[in-house]
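In the two complexes below, chain A is the common chain; its partner is chain B in one and chain C in the other.
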Partner chain A sequence: MNPADSQPPPPSAVPPPSRREFLRRTLEAGVALAATGSLGAWLWNRHPPGDFNRAASAALLPDFSVRDGGRSMSIITGQNRPAMLRRGLEAMGGIERFVRRGDRVMLKVNAAFATPAILGATSNPELVAELAHLCLAAGAAAVLVTDNPINDPESCFNLCGLAPAVRAAGAELIVPRASDFVSGTLPGGQLIRNWPVLTGPFHGVTKLIGIAPVKHHNRAGASMTMKNWYGLLGGRRNQFHQDINGIIVELAMMVRPTFVVLDGTTSMMTNGPTGGSLADLKATNTLVVSTDPVAADALGATLLDRTWRDLPYLGRAAECALGTADFESLRPERAAV
Partner chain B sequence: MPAIPNKRTPSAVETAVSLGVLAVLATVLAWMFQAQRRFNPAVTVAAAAAESAAKAAGAPVASPPELFASWPVGLGAMSVAESFTPATLSDKIDGKAELYLSAGFVAMRCQRVALVANPAAWMEAFVFDMGTPASAFSVHSSQKRPGATEVELGDYAYRAGNVLCVVHGRYYVEIVAADDRVPTMEAATGLARVFVATTAVEQHADVSRDQALFPPEGQLAGSVTLLSTDVFGCEQLTDVFVARYREGDGEVTLFVACRASPAEAGRQAAALRSFFVKDCGGRELSPPAAPAGAAIIDSGGTFDGVFASGPILAGVHQAPSGEAAERWLVRLQAKLPPAQP
Partner chain C sequence: MKITTARRLAQVFFFALFVWLGLAAAVGTSWGQWRGWPIAWFLQLDPLVAVGTVLTTHSLHPGLVWGLGMIAVTILFGRVFCGFICPFGALHQFVGWLVRRAGRFKDRIAANAYRPAQVVKYYLLIALLAAAAGNLLLHLVHASRAAPVLALAATAAVVLALLGLTLCRIGAGSRRRLVVGAALLAVWAGLAAAIAPGLPIIATLQTGLLDPIPLLHRSFNLALLPVATQGFEPWLPAGRVYAGAGLIGAVFLSALLLNLAVPRFFCRFVCPTGALLGVLGRGTLWTIGQTGAKCTECALCDVDCEGACTPMGPIRVSECLMCMNCLDNCPTVMPLAYRPRPSPGGEVTGHGITRRGFVAAAAAGLAVAPLARVGALTGTAWSPGLIRPPGAVAEEEFLTRCLKCDACIRVCPTNVLQPAGLAHGWEALWTPVLDNRIGTSGCQLHCIACGHACPTGAIRPLTLAERHGTGDFEPNGPVRIGLAFVDRGRCLPWAMQRPCIVCEENCPVTPKAIYVSEVYETVRDGTRTITAATGATLRIDGPALAPGHVATGDYICRLGGETAGRRIIANTADSLTVDAAHAWQEPPAEGAVLDVQVRLQRPVVDPARCIGCGVCEHECPVNGLRAIRITADNETRSASHSVLLKTNA
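Entry: the complex of A and B
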């Protein structure tokens, strides 16, 4: 007999379990593991609301920007919108720099409200018509105009004067239908996830130009070219007002336009974005053409007696490298007409 | 072999670790309760909107085909009447919906009408049911245009260019015309008169008592406004009257709010003071000689002052200097009723 066998175990040592005890504990552990795993599998949502799926992301918009190293901003002062637009584009190298023969050009306007054009709540019809003319003269195969006013779109386009102006200019007005919206997810987005986006009218489109007025906005502080993309969202989009800065930044991530036109000929200084009174407007006599929407909106903020720092979405967009809030760094060409 | 019990008492280290884990769990639980207690007001608004919408959906709604019981001579309907609930208001007015929702919005109806003789002269009438006359006054005053012309029509009616606005009981009515020509605006006025004459209300908005708390000297005309929520960015501060005054080349804002009791006014004064210092990064100056208990905060170049006098919370917002803030506080206090000991 080994002397060690005769020594009692130390008081603190746990004795080895019996065979029966071992089997019981193993069984208990197995049941616990199986129950936990089953519960996890039962609770696991294989298709959560924010699930990224390739089919959906492919439905989002392509990059419409033109990267040729040319001037990226012009600031024109005056009161004649068509003349200011022509001068602004001339300073940028001409419309031919952006629109080539055979292009299908989409003009994304702001037609959100059924209010007369003089109230400045929507894109100016004369300005939109002039841009359509210029695109067609540059050889565009077609110029399309769209927006998604949720309430009564036909009345919105007609009463704000855009419908007759667009048709007279030889462009095609597209009033969105339900089938024009496709559920899409912005890669890296926190808000635009499996959300209906107006993509139908963009089939075959090769260039995208945004045209927006300068407006105070009760929720966002200001509504300009970046907020204008909000009209590409469908569904109950009002819920995005709870994170208005976040959604504007994500829209800027989603939409890379060829260029934008910011119309600050008159600016809505208060009671935006609907306004309603001529007393809400101020003649600020400025029109901006820019390939950088962040820079355009940063300049627009000054027309509302603010700076880009007063509009959180501009700083966040700049941090995301979507553009620069320091618009002077672009060395914009300035002219008066 | 002797029987050895399976159970043993845990060691001191095991006990300490267990208590540590429990403490962490308790901390997480406390944090969750705290976080849930401080909902973002946007969530509250959205929840209230959804609740109102659900109620509206459940109740039969009498919706006449026309917005007004009768039309003034020379005006005809251009569109059908539309109705909007808290859940759908933003479909019509986008980001401006928040202004109404936060003030207690119940429903809105609108319709476009035009002059029979000139269909290009059209207008859209909006009737906002704000639930109470105070809420109606709040949204009315929050949007009042500078340089507006008072109109003898209903309560607090004014015209600014092409727009006519009036409060009538719990309703805020806004008529937006396509132009500001005389025939169009006369028709708009006639339309508003019809609404006021044919719509019975139990109570009218009357803010004269609150208005009287402000010193009249130097007050900018028509600047008295009732702010419903998020006053000066402070979530806890609601239903506060403000008035703007000329101060040198700029302006200052005075504010007053009648509360249920002196204790409530004092508590809110302390909360606002804390908001200016902690949330806005302000620095509290030495207490002014008067009013008693007042605080003045340097909010980074502008100065805010706050005090409570009886059940009234009062103060100054964005004064250009500490001295100016103190001067305005004294002026304001002189206008308030003496606090009961």
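Entry: the complex of A and C
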């Protein structure tokens, strides 16, 4: 560029703006100012950000129980889990009493740990598959299986054998995603308040069955069907260990299942709830089907050489009319397979 | 089919293969997950991986023989890898094409002209390989001590050969060669005499910082894929977290955006693998060159030249990326061809490396490892936070094997493996380290994926039996990657009278490495005087209690003189109720003193059992700085990090 070109032209060479030019520029500036002003007015927010306890509360789970006055507990002894399950359900009036044509059935398993099924830290795949079969045979439109495990979810479902067993049985495995957890508050609850709960997969579900093994648990005393609902909690749920009995009772308030299956064919007597060795297991040859989780767990306690009085949450749940710890009062049918 | 079409098809194929193997590198049982898929194939094919690890370890890791094959292909056919296979090269070529596709010929010829700075990549290669070669040189020096007769014989043979060549006047400058040769031998002998034997490893494998295949693996797996999975969650696995992925992504994006300045900037100026192939392929049998047929010097061959290797003039063979665009563009009959004879138009087989540049780069590279080791990060100042995955070899050797490709981090099913930042020294940048706060669940006991993904043996491929210390491995015990320590100042039952023991619950080994010590402690304002007693309920004085606060099942009340307490099952502001089944025979007297106590199970770690898996740390409800934390103390891979007294008992 010629250096002379960069010199400003002499003032006289700049023509004064025409009237038209002046009006155009004024209009442009006016529009720009108006746009800025209205955008500012539109976005104006006099409230400072942040209410730490913004109450977001969705409905939690509906009541899945079937109240027809039928028998509410059966105790089957044996070693063949599928046969024990069939016998146990038969004693209760058959699966048809609980699962009707067109039902969408959720099976809440315990898949907490990425360990092989034989170590007994998770729900038995054969048992879960048999239950799924029975539900489908009873006309269920779909059988879903879920849990929010402690270890890596994919690893848990695959390693404990539930994923292949469930798929082979024609049921659908739901590995929870972040979006499946919805913040909710349990009416009357002290602990489950604005807490993420695994309710997403329950959309359209009409029946809920819990299937849990009998396991030693140092903090809670034992982990059975009621503790199994812990797997419906999301977030940093480990905080609830500070009031383990309180949270188990609230979970029992939150979850009213169609029935529960407590698998004490083998029980984890020590080193629970993770186990890790066959030496931790004992053949206790018992399977319970019950519409009353408190009663089922009270019986489960005896398999661990304890009574319901050793597990404070059972007494408190009974006090809250969530079931009875005196399971004999239910006159359970007993049979051997 | 035109040769450029074949090249484009190959590039698309290998790029798609790279993406597919990246997606498939996830532990699982579906066909689209890592089962038989050769997820490390590109890394194994990369010749720089083979050369670098051979220099550092003096052995060829299985699988890296693919790299030797690629070297053979390069010697015969030129840099086929760069033009046809390298997915990073394909990406650069695509971006360069996107930017310049409509540009004027004049500008494109200028953009694709040879630049002297293309020599920089050779200096980078020299420095990186010199850093890797420190130990090999030391080995050679010490070899003269180990076998003095052999060393003397070899020296004599070399001297005689040089002398013979000089006396017979074979080759130019033969006297000079004699002098230089003798001087080098003298330096060797001097070093052998001076350097103490038994020095630590002074080699470090840093090629992976710039090697395009590890760089692309790292960028794709740790930066691009996680971003994609956040946006496309239904189609791709849920989002993963990688510490410091921003820097990894920034390096990748910078490399791509530099194509705006100069086409294939990375390939021409930076790529150490390309430099290696350029050196190997300088005398390639098949080469692009003129045939001698009449050339009109239209310069169309220079317009799209990817390597800036000046096909119209004397071609720079080592720079040729085998893009074949020149053959495609050449409008006349056969003045350019790819054939097994040198170009009559002349060839430039040099790389522009000067002697000074070579010495400077080599010296800088050789200095890298010894300088880094002054900080003693592999010695006394080792970083206790550097928790390596199970199967990782001892740190000094680890740094001679790890490519920073981060394949282990990609396949880790729990996402606990993370790329190290600069906290553990820059030598360890982007190498795998466990961060137990991140991911779904610490390091899972029944998983051995990382070692099987590692292409170079930096992480040994363990069997489950070896990891668990069962079967043949029983005498060794399990593989420990660290040790858990309870921070008693942060732990809820130790410091704050809150029941918890989530760590104990989740400890996966059996018997558990965390056990509990049970105590009953009087709570704050817990010593009360009884004002009235009826049955199982006591009225007490003192500050009001929150209703139900001590009725959770974890609290007892104990009268003075009683050895055992009674569980409180209900409380109001000023009363306590104990379990009726365990109530007093006679209600306690008014005025008697009781203690409200909480039952605490306090976690204690058994160092003989703990394997450092970090599940406890991951699950600890003290969310920020965890109250139980793993450090690399007691890790199996380093005897000097052991904590426990070894006894024969």
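Convention: the second predicted complex is superposed on the first by the 277 of 337 C-alpha atoms of A that agree within 3 Å, B and C clash if a C-alpha of one lies under 4 Å from a C-alpha of the other, contacts with A are read in each partner's own complex, and residues count from 1 in each chain.
The definition used in the following text is that a residue touches a chain if its C-beta (ideal position, glycine included) is under 8 Å from a C-beta of that chain, and two chains touch if they have at least 3 such contacts.
It should be emphasised that the depicted structure is a prediction, and the values quoted were computed from it without experimental measurement.
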- Overlay on chain A: chain C relative to chain B, clash or fit: clash
- Determine, under the contact definition given at the top, whether A:168 touches first (chain B), second (chain C), both, or neither. neither
- Message: Output check: A:245 vs chain B and chain C. Expected answer is one of first, second, both, neither. What do you get?
- Response: second
- Query: Touching A:118 in the superposition: chain B (first), chain C (second), both, neither?
  - Reply: first
- Is A:153 in contact with chain B, with chain C, with both, or with neither (first, second, both, neither)? second
- Just chain B (first), just chain C (second), both, or neither: which does A:218 touch? both
- Query: Given the touch rule stated above, what does A:15 touch, chain B (first), chain C (second), both, or neither?
  - Reply: first
- Check whether A:273 is in contact with chain B, with chain C, with both or with neither, and answer first, second, both or neither. both
- When the two structures are overlaid on chain A, which partner does A:32 contact: first (chain B), second (chain C), both, or neither? neither
- Task: Please pick the stretch of chain B from 9-17, 207-215 or 225-233 that overlaps chain C when the two structures are superposed.
- Result: 225-233
- Query: Touching chain B and also chain C: which chain A residues?
  - Reply: 113-116, 150-152, 155, 159, 217-219, 238-239, 241-242, 244, 270-271, 273-274, 276-277, 279-280
- Message: For a test of understanding, state which residues of chain B touch chain A in their complex under the given definition.
- Response: 4, 6, 8, 40, 42-43, 46, 79, 82, 90-99, 112, 122, 124, 143, 145-148, 160-163, 174, 176, 178-180
- Item | Footprint of chain B on chain A - complex, ascending | 9, 14-15, 21, 112-116, 118-119, 150-152, 155, 159, 217-220, 223, 238-239, 241-242, 244, 270-274, 276-280
- Query: Which residues of chain C touch chain A in the complex?
  - Reply: 27-29, 233, 238, 413-415, 439-441, 444-447, 492, 498-502, 504-512, 516, 548, 552-554, 567, 569, 579, 581, 601, 615, 619-621, 623
- Residues on chain A engaged by chain C in the complex (per definition of touch): 113-116, 150-155, 158-159, 163-164, 177-179, 190, 217-219, 236, 238-239, 241-246, 270-271, 273-277, 279-280, 309, 312-313, 315-316
